[in-house]
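You will see two complexes here that share chain A, one where it goes with chain B and one where it goes with chain C.
Right, the complex of A and B next:
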């Protein structure tokens, strides 16, 4: 079995299993704590409040942008870029078609991939530079923040190196880096990719029943 | 029943147990989801005026986060076994965090608004304070206020005689008798401690408004204070005991409504936290005074006969507006009575806190920081071109703002919205 076959075979299945089971266990571990029954009489709908918060907190708040613009810009660059790469990079579309869903869609043209990748890298680097330079960010950051950033950066970088598809080893290295990232994911703050729905939803429901959507 | 206000001896273990007891799925989701982006710092008035990174709201939760991640979070057992779990919280750390949790947080929830993950840090801090009380690291000022409240019903130690004296003065002033202990009245009025001692004119204002609107109302001699220092210090036991007195009095008088006064945390304690603490809903409804006034205005029972021509700005009390949901009412009432209303930047649910909510004003050691935080409000008013007076609907905000205004040697009256409306009531016999 070649290195690429290993990374696209047993290692891929192992990492996927850890990713799926670990993330599900983490979500279950939060939800199993239950929620206190609210006895106060609601002024408005908790469900509407939850939905409003889920949407509203995805958007930058105009009143604060003067102070938060750096993080807002870098955050959007990175996240939108990452999702575009993840879902529309040609090798990913092929992988999704062949190995995961059996369906595919039109991938990004090469020039668009380059632009999107540069924006995603710029966003991630800007976020990390802020993390190591800003006194607030230095105060609140921990090992997990840096490790998550670097694993993501390396997965993206090796993906770019593998884009030419000139060498199966480069593709294998990218697969291996993604698998390490997937194994790390459920145990780390990267889980915010799923838990944001819970935090926004719980907060929105709490305030929604009070008749306000902060 | 004896209410325990202080532990026998300081204990980090007690704090950890209390933290864990406070964490349900919603709090867990908050502690799990924080990505350490630091945006919350940019919304916090304490950080804004000091630039001290320790005042970053999410950092204030650190001890509870660590206790959760060490003992309760998914994979915590595995991480402990591998030596990857956070270390146990120590008493020294809790003592250090007492300043961050009590002096530098008013639970105003401005950080909640800005958080991209929607983390409700204010609610988490409220829960965390339960652990701080259990550990014995809550500030002495709040303990003293709790003791006074449990002994007398008032955090300022105000007794029934004080209420009777203020009622007598206001009856003399307005010529309107103030009803006390009227069984079957529609509305029970209670006041904040600060109103009772510092702003008793609100009693006369309510008398005049309710007379015009033909409202059936009463005071209770058994419970006349709404301030709930238990919610501020973070003790469900104290909070429930204080709340129980008010609920018992309202139910004994068989009122339909309890009016939450111009007091921020009282509203949250009575309306939102109260039924959960009591373990049942009440036999009456809680209505905020601003909600009632707006209702009466819309029904044509509260008639305003003129408008104040000064440049007036409304200071939104966090617990009534951002965390309470009473958002439109103060704006509508201000529009009805203020001819030259100044709307400051961030007014409404984004407004800056007065700096003294959440028990900070009862916490003597926080005074200097509280005054510093007022610089944000001052700037807000200056950017709006200055105002002739501030109007608010929380007696604690009013007192905190007045003290800060004195400290900054400014000349700026702070008015109660209820009193302002009463001042401009249509004269008896109609507008003509």
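Right, the complex of A and C next:
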């Protein structure tokens, strides 16, 4: 068994199982906490409050624009870039078609892939640099934050280093890094990829029920 | 054998006999350039062998039936010259320059040691770099390091890495570095432009810098008066901007090689390598003096503040002005921080939160 076969075979299935089961277990744990029983009469809809919070918190508002523009811009650059790469990079579309779903879609052209990758990398570097430069961010960041950032960076980097698609070794290294990232994912703050909806929705529902727009 | 096959066989044998009877020189005249044992070219005419090959080496255009004019050039001597320069003097002397830079840093460290704050730490800090300045610095630093590592592998890897890891492994490494280098290059351009815009104000040369040079700068025994940036730091800034400009333009020429001519791309490659080696050599010194070489320097670029004594020793003119502005000339601490603001929610100037109030 070659290195690539190993990373695309047993290791891939093992990492995928840990990722799916771990993330589901974390989500189930959060949902199982449920909501506190509210005896007061609701002043407005909790559901619309949840929806409003999810949507509104995606954009900076009012007096916060000046303070938050940096991480809003860098955050969108990175996250949108990452998802575009994840779902529309040609090798990923082929992998999804061949190994996961059996269906594919039109991938990004190469030039668009490169532009999106550069924006995603720029966003990630800007976010990490802020984490180490900003006094407040530095105080509230711990090892998990840095490790999650670095694992994501390395997974993206090894993917782009294998861009020419001529080296099975480079592809195997990328697969290995992605699998390490997938194993780490459920046990770290990388879970925010799934939990952000729950946390914003929960807060929005609580406020919305009281008639407050968060 | 059928009658038709028999006739064809007889014709083939007759044709072969006729071919054998034709004189060899007649064939040579019919197909110039393919004489046995001789180089191609009609060398029996007025043109000598030497003249023929000279024209080939000078890139004389021949004739081809396809529209690509470059296909009509048998040997592109410029390519050979480019390769000889890149793999010769640039790699050789460039490699030595980096080794000399490292040895110079080591020698400076052995001579001066870690430059301490002479008066010791005062325990009071003044703001030096804003959050915006620090963010841009570290962004450029991150991208520069990625580019420097991948670029050095591409330039020197054949001589340094390949003998160690082998040809096959080096092929994979070089392949990866090329992709990474091409990817991160455009990100560097945005960083260097932002760095120029943010830092240029504090890096204009003036009479104070001339005084700093006359008194020996970092080699002087005592401390020489300086503004926020001394002459050495200003020169580094302009080298980074100038070198960054060269790297950016030549890098773009190589990223889009169909826009310039091939000779321009070759020159771009040589300039790119030369500028990169120069910048990396100076950057090594910058990294050393900003971290290991000088006590109290790094925190200016991490926390955004420096110790008052450090500031007075190394950048006294600037430090006095800052302390006057803060109205703390009597050695008081930073004024109370305003509410969080600026990029990332920190203070407007990026100074640390919660610094003790006066």
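Assume the second predicted complex is superposed on the first by the 213 of 214 C-alpha atoms of A that agree within 3 Å, B and C clash if a C-alpha of one lies under 4 Å from a C-alpha of the other, contacts with A are read in each partner's own complex, and residues count from 1 in each chain.
In this section, a residue touches a chain if its C-beta (ideal position, glycine included) is under 8 Å from a C-beta of that chain, and two chains touch if they have at least 3 such contacts.
Keep in mind it's a predicted model, so treat the numbers as computed, not measured.
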{"item": "Touched partner set for A:67, first chain B, second chain C, both or neither", "value": "both"}
{"item": "Contacts of A:121 with chain B and chain C, given as first, second, both or neither", "value": "second"}
{"item": "First (chain B), second (chain C), both or neither touched by A:166", "value": "second"}
{"item": "Comparison of chain B and chain C by chain A residues contacted", "value": "B"}
{"item": "First, second, both or neither for A:200, with chain B first and chain C second", "value": "first"}
{"item": "Contacts of A:135 with chain B and chain C, given as first, second, both or neither", "value": "both"}
{"item": "Contacts of A:57 with chain B and chain C, given as first, second, both or neither", "value": "first"}
{"item": "Contact residues common to both interfaces of chain A (with chain B and with chain C)", "value": "67-68, 71, 130, 134-137, 139"}
{"item": "Chain B partner contacts - residues on chain A that touch it in the complex", "value": "22, 25-26, 28-41, 43-44, 53-54, 57-58, 61, 63-64, 67-68, 71, 75, 130-131, 134-142, 145, 186-187, 189, 191-192, 195-196, 198-204, 206-207, 210-212, 214"}
{"item": "Footprint of chain C on chain A - complex, ascending", "value": "66-71, 114, 117-118, 121-122, 125-126, 128-130, 132-137, 139, 157, 160-164, 166-167, 169-170"}
{"item": "Partner chain A, residues of chain B touching it in the complex", "value": "23-26, 28-30, 32-39, 41-43, 47, 51, 53-54, 56, 58-59, 72-75, 79, 109, 112-120, 123, 271-276, 278-281, 285, 321-325, 327, 345-346, 349-350"}
{"item": "Chain C residues within the chain A interface of the complex", "value": "131, 134-135, 138-139, 142-143, 171-172, 175-180, 182-184, 186-187, 190, 302-304, 340-347, 350-353"}
